[in-house]
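Both of the next two complexes hold chain A, though its partner changes from chain B to chain C.
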Partner chain A sequence: MRGSWRSKLTSSLFVLPYFVCFALFLLYPLASGIVLSFQDYDMLGSREFIGLENYKNIFTPGTLIHDLFVRGLSGTFKFVIYSVPFLVIVGLALALLVNALSNRVQGFYRTIFFMPYAISATVMATIWMRVFDTDTGFLNILLDKMGKTGPHIGWLNDTPWVWIALVFCTIWWTVGFNMIIFINGLNEVPEELYEAARLDGANAWHRLIHITLPSIRSISTVVLIMTIIASFNVFAQPFLMTRGGPGYETTVLLMNIFAVAYGQHQGGAASAMAIVLGLIMMVVSTVIYRLLSGRRG
Partner chain B sequence: MRTKINRLLLILLATAIGVMFIVPLIWMVTISLKSDIEAFLPDLSFIPKEPTLINYIEALKGGDLDVPIIRWIFNSLIVSTVGTVLVLTIDALAAYGLARLDVPFRKALLSMFLSTMMIPGIVWFVPQYILFQDLGLIGTYGAFFLPATAGVFGVFLLYQFFLGYPVEIEEAAYMDGANKWQIFVRMFLPASKSILWTLAVITFMGIFNDYIWPYYVSGGNEDMLTLTAGIAVMTHGSYVNYPNKLMALSVIATLPILIVFLLAQKSIVKGIIHSGIK
Partner chain C sequence: MKWLHFTLIACLVLALTACGAGKSGSTSEADNPSGSSGSSGASDSSKSSDTSASRGKTELVFWSPFSGPDGPFMKKIVDAYNEQSDSYQIKFQIQPNGDYYKLLDNAFGTKKNMPDLMIMHLDSIPTYVRKDLLQPMDDLAAKAGITKEDYVDAAVSYATIDGKWWGIPLDIHPLIMYYNKDLFAAAGIEHPPTNREEFLEAAKKLTDPSNGQWGYVMPTLWPQQFIFPSLLYQQGVDLVDADGNPALNSPEAVEALAFMKSLIFEHKVSPENVAQDGEVKLFLQGKNAIQFNGPWMKDQWDKAGINYGVAPIPVFFDQPGVFGGSHTFVVPKEQTDAVKLEGIGDFLKYVAGHSLDWAESGQAVASKQVLASPEFQALTQQQTEVAKEFDYVHFAPPIEDWGSIVGELWTQINLTLLGKAEPQAALDEAQKKALQAIEAKK
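Let's look at the complex of A and B:
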């Protein structure tokens, strides 16, 4: 009975509901997004094929689309460069710390470090805007009480503080995710390796450099690439906390893609911008993956 | 002796970092218990001088600033629950089919589903919005939860779980005359309760916490916002000068999700690890 024409038909019925949802809500938008990027669409009804015009505009200095794209991409790039090293290294450091604790308290501290991950972007932003507020924020009052004099720091209004603030609250919000993956990686390092190193008289630092880090190499690559992709998708922190300011300093590309689609009513240009961003992300993550996994070890 | 001191130092370090993780959350609760004036005083004590529940009462009653928060809570719970049930049902069926049944083009379907995981969501965000506009679903509940049903994550998670199920028991059931549907319902579903729970928690939290999509597909109708999207609007809207009211709203929005998180932490970790490593 299995493998027959009839069996194949009934088996397909199991996959059918998901396939329909997938095709309708993901595959179709994906395809129509590509088509849209070659069109001029006012987000209401009138469409017109304009060939590569949208892409040309992105790469032609002086056009509005070019300005919005470049400005946004530069903000996104800065966020990626500033945030990724910290998100990966702090994630690993917390994982090492939790793993070094005794079994009885491990779960408690892991939960504490992971908890902010459950909080929504909007609540995260609401909390941290209160912490970073220039006049009445927690941080500046704390600095006052600790004896700092002079004007308050504009954590959300001045460079470079604004990047420090955005990166800091991003670490608080999402580093637990990386920590969890690192903890799992650390637990899979064979205990015998450490035993052997101890017999050879290696100290904790040597064990970290020569055993732990090489053993979690591949998992670190995965964490790095996932973090890069997540940071390229940055939106909530600057959109809610700085509105892209001061000036255009923290205006990221996702904000400008939404601005082009819903503010300028240029669906086609927004789609082209999104596709170029998608391609950049795929190229960057592929290159980094090749570089890291190409090496020996 | 030295290891004991080391242990102690490690605990102290972990506690110091832990305090940094907890303080912002406590601060949220502290401000939510302050009056309009006290909220702006330069006072760092975690217990307000005159604690008050007025912000919660006003938020829930509507108060002087008209915010349909009860409606938002209702919206959030409805779309998260319906979305989660739909995703679980659809994904479990598909994953079972792909993992255990003779579905034609099985390999091709799998790699098609998986390859979309590499594409960032922003690429289909605007066209997806246009699709819902064309379908006339902007400002309806459907627009909130239907996109979740296309997600690949759940299918992949359950697929991997179903693959590991021993084939002998399944064969024996076929010999006894059971059909595919019966085997799915009587054997696979009961055996995969924990992974289904994992998917349910992750899906529920994802829909509940999302705000960009609900913000746009609410179609500018304030009654059709979710709680999470509503807070984003309030941050720069009529609550902009009332951090205490904003924090009360935030506590209300965070409490249910934090409870789910703490209860289901093991399941969430399991889900992350399954999705992260492979």
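Let's look at the complex of A and C:
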């Protein structure tokens, strides 16, 4: 009895530092966010409980909160749909590429591809705005030199180019993270499987389809879900590079939540919007997780 | 098992949400009509001036959003004040410009780490006065010997609400015209344009698309917040009607937007699809002859070594009129310490007499005493041109959270100037959303 009590205490102590951080930086903000979503809070001191009013507004067509929510959500959804496939596939492709290199240069290229991930949003945006600017941007000047005539393409304010630009710079900025996880997954695949396949005469394509991909299935699911969640949280790229334009085409939900909180001074409504977004993310992630892991049996 | 999966995914979602927020938290908000860092994203951490030699003196914490190149100019004034004052020590703190109002709101909301004195943009004063967070400056000013007549009228009368004076002005920063002197000389244009005809003539002469050179590159985003209202004031109307209700789709507003659009698609003095700061980048490269922007851009032009001139905005319609912002000093309501209030008055009196250092940053100050001084009159490169506009400068309508009411306006102007919307329909939509935003406040 006594021993088990002590061992429980010891193990609890090991978990404690993490739990304190978890409670302080996740549980407490989350709880106060939920409380806030039931209040009318002007962000300056006065708050009162108004029940489900904030949530009701989100789902009542014609209200400011509803319109901002729907517009923002559609922008966010578009970004998720356009960016996630590329982030996963390019991440995997880079991982395969780097893994196929000789050991001596592997580390070098891994670092190169991962480096942009460490850059801050502001720097990333500044770099890519220089590339994508309509009249002084590197890309349009390059196109001019290659003989393109007519008005310049508005990479940051014309559809569909604006989405291509945003997805492209997002890939450059964050794909290194997915690549690293994929590389770890690839290293776990037993070498014997490949040797056996080679003896049976399988070519590189067959080895990829029949050995590599099935072996990294679970890690791919993790990458996919993390990428979806990260893409739902998109903010910096459109906020800094396109300002949500042209019009509100690339205005994503986090930008509108921000505008409701600090522009409109309605902290409660902003919290409710954030919580509904969180719930949508949970549902999407759960559905995809179950779809992918369910098939295994 | 189901629950375990769900919980794990929930934790993952939350963890990544938190990471995402952390990553984006450091970005700056250039949409904020701040006038201290312009288009460059300034995100310095807060710096405070030295607190040496403060023993025995009453310390006053002073917040400002001057994280751009203007910070050192204010620090110079504060340091000089601290040097000569035996009773007070100003602790000057610069907050990141993009996050300034977030930090202010947090301080007001939590009543913690509240500064004793702070800079606030003039057009934010109505919002904070209506929320009962500021202190009238009348008593403080009277004790320090500061009178309303010491400052430019426009800023004083705007800051007077319900008969009380809420903010003592430091400067006024209206929209002004910058032009490239070399391009003007090459095109044989003698003086900067002063009206619509001269402007169009000059802009057309200065445009040479084959060379990538444009007469007036039309911004589609910032600083439209300064340009569009200016064109309304020039027709004798405002963004609100006489009762203070939004009037974003008035015939005058449609006329103004149609005129701006015609510069791109009819007169073709501007390229299409101008991206954010596109007009600034082209101006820096000597490919944009004229642009309208705020006085805070001076530092960028100087560093780039452009041969530029400054002049008031041309009169495109019937009368001169220009949109401006203004930095003012305000005191939070909680500040009731008589000694500190006296110190604040003493400091503001000093600033009124010594704001020439602030003018050195390119700003035109609001103190009449400094404006009239020979030292200010000698600053002919920009400051005196800016001061010429003080007689007809207008500020944003004094309405709570005005910024969020006109949020859609800038979106619709953006669409119109990109050729994706027509002026009337765009402004009708902006008006509809403005009324909706007001409804949401009730």
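Going forward, the second predicted complex is superposed on the first by the 270 of 297 C-alpha atoms of A that agree within 3 Å, B and C clash if a C-alpha of one lies under 4 Å from a C-alpha of the other, contacts with A are read in each partner's own complex, and residues count from 1 in each chain.
The rule is short, and it goes like this: a residue touches a chain if its C-beta (ideal position, glycine included) is under 8 Å from a C-beta of that chain, and two chains touch if they have at least 3 such contacts.
Just so you know, these numbers come straight off a predicted model, no measurement behind them.
Under the clash rule set out above, the superposition-derived model of chain A with chain B and chain C contains a clash between the two partners.
In the superposed model, A:G263 lies in contact with chain C only, and not with chain B. Once chain A of one complex is fitted onto chain A of the other, the partner contacts of A:L52 are absent, as it touches neither chain B nor chain C.
Within the superposed three-chain model, A:S120 lies in touch with chain B and with chain C [touch as defined at top]. The partner that reaches more residues of chain A, of the two candidates chain B and chain C, is B.
In the superposition on chain A, contact of A:G154 is made with chain C only, not with chain B. In the superposed pair of complexes, A:S11 makes contact with chain B only, with no contact to chain C.
In the superposition on chain A, contact is made by A:L36 with chain B only, not with chain C. Contacts of A:I89 after superposition on the shared chain: neither chain B nor chain C is touched. In the superposition on chain A, contact is made by A:Y248 with chain C only, not with chain B.
In the superposition on chain A, A:Y289 contacts chain C only, with no contact to chain B. Taking the listed stretches 62-70, 170-178 or 224-232 of chain C in turn, the superposition on chain A shows a clash with chain B for 62-70 alone. In the superposition on chain A, the residues of chain A touched by chain B in one structure and by chain C in the other are 25-26, 29-30, 43, 120-122, 125-126, 129, 136, 226, 229, 233, 235-236, 240, 243, 254, 262, 278, 281-282. By the touch rule above, chain A contacts chain C in their complex via residues 25-26, 29-30, 42-46, 57, 62-65, 67, 120-122, 125-126, 129, 132-137, 151-158, 225-226, 229-230, 233, 235-236, 239-248, 251, 254, 259-260, 262-266, 269, 278, 281-282, 285-286, 289-290.
Interface residues of chain C, counted against chain A in their complex, comprise 5-6, 9-10, 12-18, 20-21, 23-24, 26-28, 31, 41, 43, 101-102, 105, 108-109, 111, 127, 131, 133, 212, 217, 220-222, 271-278, 281-282, 285, 287, 401, 403-404, 407, 411-412, 414-415, 418, 420-421, 433, 436-437, 439-441.
Residues of chain B touching chain A in their complex: 7, 10-11, 13-14, 17-18, 20-22, 24-25, 27-28, 31, 40-44, 89-91, 93-94, 96-98, 101-104, 109, 113, 116, 118-131, 146-147, 149-150, 152, 155, 174, 180, 184, 205, 208-212, 216, 228-229, 231-232, 235-236, 243, 246-247, 250, 253-254, 257-258, 260-262, 265, 269, 272-273, 276-277. Residue ranges of chain A in contact with chain B, taken from their complex: 2-3, 7-8, 10-15, 17-19, 21-22, 24-30, 32-33, 36, 41, 43, 94, 97-98, 100-102, 105, 109, 111-123, 125-131, 136, 138, 141-142, 144-145, 172, 177, 180-181, 184, 219, 222-223, 226, 229, 232-233, 235-236, 240, 243, 254, 257-258, 261-262, 267, 270-271, 274-275, 277-278, 281-282.
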